[in-house]
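Each of the next two complexes has chain A plus one other chain: chain B in the first, chain C in the second.
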Partner chain A sequence: MTTTAWGRSIRAALYKNWRLSITYPTWLLQRLLSPLVWVAIAVYAYTGVADPARIAEAFAEAAGTTGFTGFLILGQTLFSFFLGMNWRGGMAIQRERWYGTLEIVMLAPTSRVAFILGESVYGLLDSGWTVLLAMVIAMFAFDARFTVAHPEAALLAVLLALLAMVALGVFFSGFYLLTRSAGPLSSAVQAPIRFLAGVQFPVSALPTQIQYASFAIPVTYGIAAVRRVFLAGGDIAAVSGELLALALSTVVFFAIGAYLIGRMEKEAKRRGTLHVY
Partner chain B sequence: MPEPAIRAQALVRTFDRKPEQGMGAAIKRLVGRGPPKGTITAVDHVDLEVARGEFFGLLGPNGAGKTTLVKLLSTLLLPSSGTAEVAGLDVVKDADAVRRKVGVVLGGERALYWRLTGRENLWYFSQLYDMPAKDARRRIDALLDVVDLADRADERVENYSKGMKQRLHVARGLLNDPDVLLLDEPSIGLDPHAARSVRALVKDLTTKHGKTVVLTTHYMYEADQLSDRVAIMSRGRILAVGTPTELKERYGGAHALVVEVARAGDALAARLGEVPGVARATEAGHDPARGVSRFRLLPVEGATENGLAAAVAETVKRAGASLIEYRIDRPTLEDAFVRATGETLE
Partner chain C sequence: MSIETYARTFRGTYVLNLKSQFRFYTWAGWLVAELIGPFMLFASAWVIARIVAGGGTPPRFLEATGYPDYLAFVLLGLAFNGLAQTALEGGGNAVYEEESAGTWDLVALTPMNRFVWMFSKTLAGLTAMLLDTAIVVAVGAMFVSLVLTPSSVLVALAGLVLTLFALQGFGFLMAAAGLIWKQPFALAILLAPIVILLSGMMFPISALPGWAQVVSMAFPLTHGIEVARGALLLGLGFAELAGPFTMLALTGAAHMAVGYTAFRIMERRALASGKLGRY
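Then we have the complex of A and B:
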């Protein structure tokens, strides 16, 4: 399949999803409110038990930054991107089953990975602007300050974090196909990843054994890298470990996802379950 | 001899029998008292050749294996054994190339994005088929004209009638200008007017556009009117192939009898079927305004018309009904189907 064909498949997914999403305008409410409310919950959970100066002091020791509201906002921003990928890329095949269109999509001579990649990229753009808007509101509401001393590090950290999320979307898509239970599984992974990735607290607060699980998830590295460059003014060297982990996880999750998608399509055709949800 | 558009050899597709669901069934299976595991053979050693440019009908009742055969030919299912080629390409080894050559129209109302317009649906699929934007726009406009949806193209599909959705399905199936079009029950659930319009549309695909068309249907009339050749399919097997005329001559018998009766009870069809010399009797229609039911009787070979007429009249009388009309009719494709399979098409 040519790169032009991949491009057309991705563009088709963007077009279809955009046209479909404008027919469901009420989703906007959830997309804007949810990240704001999650940040607010975490902020008030901290400020409800100690005054901000003491919290800042404790955060400096545990997370290397006094800006705990920024810490929470960045954690939620990255996690919201993950949710967008999980829903769009991960659920892509299952959603077509719901629409009743999976078989005709599978009749097209297009790469299945390109199709899912398109859905993931749409998830990135779609969740992107709402999440960023919500986070800007949160910044002003909770007086968060960011210090970007090295823009190239910030750009690289954000780019690699997002790429890792897209690869995770492709991986989840193949993984969910294994079970034909994409809906429940996609919901089931959300809370554990929110917990393990340190969205609302430093990962170092977790017991060591649980931290092993945290560091198996690319979202953890993405959040850590972005926090370090946006809150502590870190340069590329300061986040090189996280960047390497993100790059590696992108390759690994994308490869496993692509393999699973191909394998599962063949298996569904063998068992005759392509149209069943 | 030119290569056929479709060739299947000893094609078999089986499915695992689905286990009974629920806790009770699970316990029964655990203690070895569940139903035996097994397979269902949906397509059973099918041999088939369809010539290029031919309109080929697959006639059979629900569950005959027609849709499974279409899915095998369109690469949506893998065969359990045997081989199939479409446009000279193997459906397993060259699946991607087959998908470029084939268009598929699956029956029913789903398989479209209801919240998109007809044009948006076609645009989306044109891009999955790797069509350059300019070509896609031109092709979509042309196809919307062909399926007579140009003036409703920018309305959401959820506002379309069943017939319009089906015509949009046909347009989608033609987007890639396929050599072979597989139509699975395209007129199912449509009102007579919409069904007529879809039939006219698909007939044009061979006569005006030179496509090879395979149409599955359980409507005898549809197969008879549209097809150059028809395969009679039952329980996964193809039992007979020929032109509609050949099949009627081969299997339809010398003639059929049409009996119109007033005040027919529920059991009359069964009683007519037991008349000596009648191979099968089916209720072929009912006119509630007149209170008249119509039955179609297939005589056994060699049955004499006079003897039959008397026996039928006597049976109707004994059932408390009144004989309105008794006439001899030419055999139909459905008669041929019934004789070839021993089943009805419903």
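Then we have the complex of A and C:
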């Protein structure tokens, strides 16, 4: 398959998803408001049980920052990108099942990975502006302050975090291909990843054994890198460990995902369950 | 339309949809997928307590609410999460399912009372979800202390049953919205965290801004959770919880009246604009 063919597949996915987005605008509202509401839940979960001085002191101790609202906003922003990728890339095959168009997609002489990448790229564009807008609104609503002393580090951290999430979307799509319960599964992975990646608290507050599971998830590194750069003014050297982990996990999850998609498709066809949901 | 016809509509719709709900449980992962959300939120509350109070009940929380155990407070709030989500999703889906299955026209043409049909359909979903609620409380009770005397359990159950009926208003509102905007999932997914935020599932509502507290008091779920907490955390009886019980009944009735009226208006609009059956 040529690069041009991949490009055409991606372009087709972008166009299809754009048409669907403008057909069902309710989803746009959902993408914009959900991150804001989750940030509010996280903020009030702290302010409802402890006074601001105690929270600042606890965060300074556990996370090295007193700006806990900024900490929570950045966690939710990165997690919202993950949700976008899980839904767009991860659920790409399942959506075609629901629409009744999976056979047409499977019969098209194109790479399955290119098809899923197209869905993921649309997810990045589509959730990108809504999530960032939500982040800005949350910043003003909860009086959060960010300090970017090294823009190149910020750019690299965000870019690598997003790439890792695209790879994670491809990885999950392989799993979802074989099951008739992709919908509940894709919802079920959200809560553990929200918990383990430290969206609402520093990962260091978790018991050590649980932290091992946290560091197996790329989202954790993405959130940690972005927080260090945006809250503590970290440079590339300060986040080099996280950046390396993000780059490695992108390669690993993309490779495993691409392999799984091919393998699971063959298995689903052999079992006759490709269209069962 | 006779009482017997209402009863037949209720029985037929309720039984059919209850079976339909329980068919999901034939896949073992379904229950895990449903329960993992509340348990992870409970675990998050545990971590928050570790951060701000070394794992115990935070003093400010105790002072603001009078409840002795923060984690038990969160557990009882989250036990209602599944019911709230089901009310939101079930209402919108009640019509959407028929539309996407191509059976909406048949349902719409059947000479039955639409209120009874919708009520029994969403009640079936809520009944099935009681299993999740029971599991959340039972598993959570291993980690927190609850007042489990016969009278406190009776009061909590009475509150739970009343909440089931009160939540129907959400269902009707969602069905009304789904008739016009389509894609009721999007609205349900959007409203799910808003309900967690405003009903005080994870924190005392006194933490919310003033205007949000007013909105919170208009939610039947807020009062349903308060009844459960009062009974199972403080051992309060019907007399002490008369206020929350009254508010639960009043807000539930108001939601149902508004929801059903909205549903009928939207149905008429959809009929007039030819949108009924489009999804």
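In this text, the second predicted complex is superposed on the first by the 277 of 277 C-alpha atoms of A that agree within 3 Å, B and C clash if a C-alpha of one lies under 4 Å from a C-alpha of the other, contacts with A are read in each partner's own complex, and residues count from 1 in each chain.
Going forward, contacts are C-beta pairs under 8 Å (C-beta built on N, C-alpha and C of every residue); 3 or more make two chains touch, one makes a residue touch a chain.
Note that the structure is a prediction, hence the values are computed from the model and not measured.
**Student:** Specify the outcome, clash or fit, for chain B and chain C once both structures are aligned onto chain A.
**Tutor:** fit
**Student:** With both structures fitted on chain A, tell me whether chain B or chain C touches more of chain A's residues.
**Tutor:** Of the two chains, more chain A residues are contacted by C.
**Student:** What is the contact status of A:100 with respect to chain B (first) and chain C (second): first, second, both, or neither?
**Tutor:** first
**Student:** For A:29, is the partner it touches chain B (first), chain C (second), both, or none of the two (neither)?
**Tutor:** second
**Student:** Can A:146 be said to touch chain B (first), chain C (second), both, or neither?
**Tutor:** neither
**Student:** Roughly how many degrees, to the nearest 10, is the angle at chain A when you join its Cα centre to the Cα centres of chain B and chain C?
**Tutor:** 80
**Student:** Regarding the shared-chain residue A:181, is it in contact with chain B (first), chain C (second), both, or neither?
**Tutor:** Once the two structures are laid over each other on A, A:181 reaches chain C alone.
**Student:** Could you say whether A:38 touches chain B, chain C, both of them, or neither, answering first, second, both or neither?
**Tutor:** In the superposition, A:38 touches chain C alone.
**Student:** Check whether A:194 is in contact with chain B, with chain C, with both or with neither, and answer first, second, both or neither.
**Tutor:** In the superposition, A:194 contacts chain C only.
**Student:** Between chain B and chain C, what is the shortest CA distance in the superposition, whole Å?
**Tutor:** Distance of closest C-alpha approach: 7 Å.
**Student:** I'd like to check the shared interface: which positions of chain A are touched by both chain B and chain C across the two complexes?
**Tutor:** Residues 24 of chain A touch both chain B and chain C.
**Student:** So in the complex, which bits of chain B are touching chain A?
**Tutor:** Going through chain B, the ones touching chain A are 15-16, 74-78, 96-97, 99-100, 102, 104, 106, 110-116, 120, 123-125, 127-131, 156, 172.
**Student:** Tell me, which parts of chain A touch chain C in their complex?
**Tutor:** Result: residues 24, 26-27, 29-30, 33-34, 37-38, 40-41, 44-51, 54-55, 58-59, 62, 181, 184-185, 187-188, 190-192, 194-195, 200-202, 205-206 of chain A touch chain C.
**Student:** List the residues on chain C that touch chain A in their complex, please.
**Tutor:** Those residues of chain C that touch chain A are 27, 29-30, 32-34, 36-37, 39-41, 43-45, 47-53, 58, 60-61, 64, 70, 181-183, 186-187, 189-190, 193-194, 196-197, 202-204, 206-208.
**Student:** Taking the complex as given, what residues does chain A use to touch chain B?
**Tutor:** Interface residues on the chain A side: 2, 4-5, 8-9, 11-12, 15-16, 19-20, 23-24, 99-101, 103-110, 115, 266, 269-272, 274.
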